[in-house]
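Some structures are shown below for you to check.
One chain, chain A, appears in both complexes that follow, with chain B as partner in the first and chain C in the second.
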Partner chain A sequence: MDYLKEPKLIRNSKVAWQEIDDAIVVVTPWNKQIHIISETASMLWRALALPKSEKDLVTLIVQEYEIDEVRAEQDIRTFIKESIEKGIVDIKE
Partner chain B sequence: MKDIFSRTNKIIKEKNVPINVVVELTRRCNLDCLHCYNFKDDSELDFYQMKHIFNELRAAGCLFLTFTGGEVFIKEDFLDILGLARHLGFDVEIITNATLINEKTADELKSLCLSNIGISIYATSSSIHDKITGVKGSFYRTMHSIEMLRSKGLNLHLKCTLMKYNFAEYKKIVQLAESLNVNYIIDPIISPKDDGSKDVLSCRLNDSQLKDFYFDLFGQIEYSSDNKSGAVCDAGCTFAAVSAKGDIYPCIQVPVSAGNIFEKNFKNIWTESEVLNKIRIEAKYGPSVCKDCYLRDSCSRCPGLALLEDGDMFGCSRTACSIAKFQKCFKEEKLKNHEEKIGE
Partner chain C sequence: MEYCVLNIGGLKVQVDGHDREFINLVSSQYIDFIQPGGESIDLKLTLSHDSWPEDTEDISIEKINNSYILAGEKFECLLDTQARSAAVRIIKELTHFNTFLRVFYSQVLVFSEGFMVHAAGLIRNNRAYLFAGPSESGKTTTAKRANGFDILSDELVIIRRINNIFFLYSTPFSGEYTQRIKNLKAPLSNIFFLNKRLKTGLVSKSSLSSFIDLLENIFFFDQEKDSSQFILGLSSRLTAVIESFDINILSYSDLGRFVDGLSKGAEANT
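Right, the complex of A and B next:
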């Protein structure tokens, strides 16, 4: 797939968040829900300050944790699915 | 998931992360409420001072910011300040009398995605409300804003200080909140003014009214025999306030400066202040003054009230004592009724 045409993900700019130790506490103000991103996934949250494709995130996690790509893809898809459902990550048009 | 929540919560408490901060943006106000505790002066924080404060708070771990006054909308740059706070990632709540909010402001507030707007209202009729605020027409302006903000889908809650002038209105405020489908806080505690003067205490409910209010409130709470309802105060531990002069307080109700944010780095004030460290020791082991008190488990002592009313923030608070006695009495009556029913 053409990289430029891959859908990009980015943090939802409407959420509030703060780093507490190695975790990230995210608040969705519209429903006052608090979500916690674990130490491992916090790297993805930091990366999503700028638009990233699923593949970018997989590459990032493979490099950082030296895990195989298939496992990384599964983990990233779960993270993306949950983050979109919670409304903390958007798909950038 | 539950584990990660409790672990993060534990870290916040153990490390005294100032996760909640109230900012007193201005002391100016367009109303002149009978019970107001505030200093009456023109102190306020401008956009550039707030930018500095935000950076310091963000670095120290703050997530939840509440803006209060005075009246926050009296400041012309308030929306810019809110915009910056949201841009930096703070969760933002504001406390306002809402009289200065117009349609354009409401739209901007909507786009800023605030967590909540607390609106002060004292009655469901203009004659009582305006008497308390000292400004004719304030009731209709506040109500108009409440309806407008609600129609735009903003999260609101009503804040009502209960005093002898509006005691009869208390259940009507509850009905109003329910009809608007918004939350409400009804608070019968009138605090002495921050300058120590106690004239405002004449607005307080009498003992009989206070008892009625608390018995009604406690009736809505389920008690078990081992229920210990003494609230733990987070002031100075995970809760801080910034005054309109930049002084760091343990809480907006405890006007004791731990240092000034324009003279010293917030993190240093937060970790090195003697008064804050003493508060944390009291919070960790329980207030030493309450150690042998029979009301301990029912008491929600407020250090600010203890300071302003009784002269010692680490001492006993006679208001907290009265409320604890009501609670103890309520529990005993409830238990007695329960035993009588079993005996029948």
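Right, the complex of A and C next:
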């Protein structure tokens, strides 16, 4: 896939969030739901302040945690799928 | 124009209306939270009863520029935070006014370093204790068992940060507790989350756990990011400085002795 054409992901600008005890707590104000982002995934949340592709996020995880790329891809896809379903991450066209 | 001044959570709201009978009803219903006239007020609220808004099942708050529209069953209110004024169309019944007032204060508190929490509140020796929980969690039971305490509410209390100290305030918004509630406040000493299934009686909580449980009990309707962000910031600071616990209130027959033991050597939050 052409890197420049890969969809980019970014935090939904309409959510409120707070870092506390190494975790990140995100609130979606439209439904008052509370979402907890684990210490490991909090790195992805910070990175998504700016648009990132799935590949960018995989590279980030592989470098930080020294895990293999296949495992990292699985984890990132789960994170992305859940985050989009919750409405806390948007796809930037 | 008739008026009375409500002082709830330290916020003084002048309630104006053309209907003397209804203003008198409001004054007598909230008698312990009525401020003598002549003092400075924080907000002016004008009531009208001449036309009924459409019934709205859910409570909603919508921000338009610097104003908010608060809507609910039998009321609709335009709140202008810059002009520090609000106009409300509301059916002329105290039950609906009480519901409106809860929603109204939940919103205006955000601009005054505060929020409202589903909780019972108690004061003893100028220390305040918050017992938070949803319906049926034991808030009224807590209030009824609190011999030797002043009761702040068995349903909704107000937390405000003033000069970096968190205070707990009483409200006239009560559940099944029928005793008279005075207008009181004290520095918050401890937070307890009511849990009837807890076998050990008392379990200390982490800041994160306390933060999440507190958020779940905050009485708040605004769907805007900025207000939610403010509440997150204030709650995280609160749960960082105030020690909190899960509690099974039924494990403590003498709440006074229990909190006195906790308070020994502990300073009020700063």
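Throughout what follows, the second predicted complex is superposed on the first by the 93 of 93 C-alpha atoms of A that agree within 3 Å, B and C clash if a C-alpha of one lies under 4 Å from a C-alpha of the other, contacts with A are read in each partner's own complex, and residues count from 1 in each chain.
Here, a residue touches a chain if its C-beta (ideal position, glycine included) is under 8 Å from a C-beta of that chain, and two chains touch if they have at least 3 such contacts.
For clarity, every value in this text was computed on a predicted model and none was experimentally measured.
Participant: Identify whether chain B and chain C fit side by side or clash on chain A in the overlaid structures.
Facilitator: clash
Participant: Looking at A:23 after the superposition, I want to know if it touches chain B, chain C, both of them or none. Which is it: first, second, both, neither?
Facilitator: Touch partners of A:23: chain B and chain C.
Participant: Using the superposition on chain A described above, determine whether A:14 touches chain B (first), chain C (second), both, or neither.
Facilitator: In the superposed model, A:14 contacts both chain B and chain C.
Participant: For A:36, using the defined touch cut-off, is the partner it touches chain B, chain C, both, or neither? Pick first, second, both or neither.
Facilitator: Both chain B and chain C are touched by A:36.
Participant: Show which residues of chain A both chain B and chain C reach, each in its own complex.
Facilitator: 14-18, 20-21, 23, 25, 27, 29-30, 32, 34, 36
Participant: Could you list, by residue number, the parts of chain A that touch chain C in their complex?
Facilitator: 13-18, 20-21, 23, 25, 27, 29-30, 32, 34, 36
Participant: Using the touch definition up top, name the residues of chain A that touch chain B in the complex.
Facilitator: 14-21, 23, 25, 27, 29-30, 32, 34, 36, 38
Participant: Which of the residues in chain C end up touching chain A in this complex?
Facilitator: 206-208, 211-212, 215-216, 220, 222-225, 227-229, 231-233, 235-236, 239-240
Participant: Of all residues in chain B, which touch chain A in the complex?
Facilitator: Contact set of chain B toward chain A: 1, 4-5, 7-8, 11-12, 15, 17, 19, 58, 61-64, 86, 89-92, 113-116, 155.
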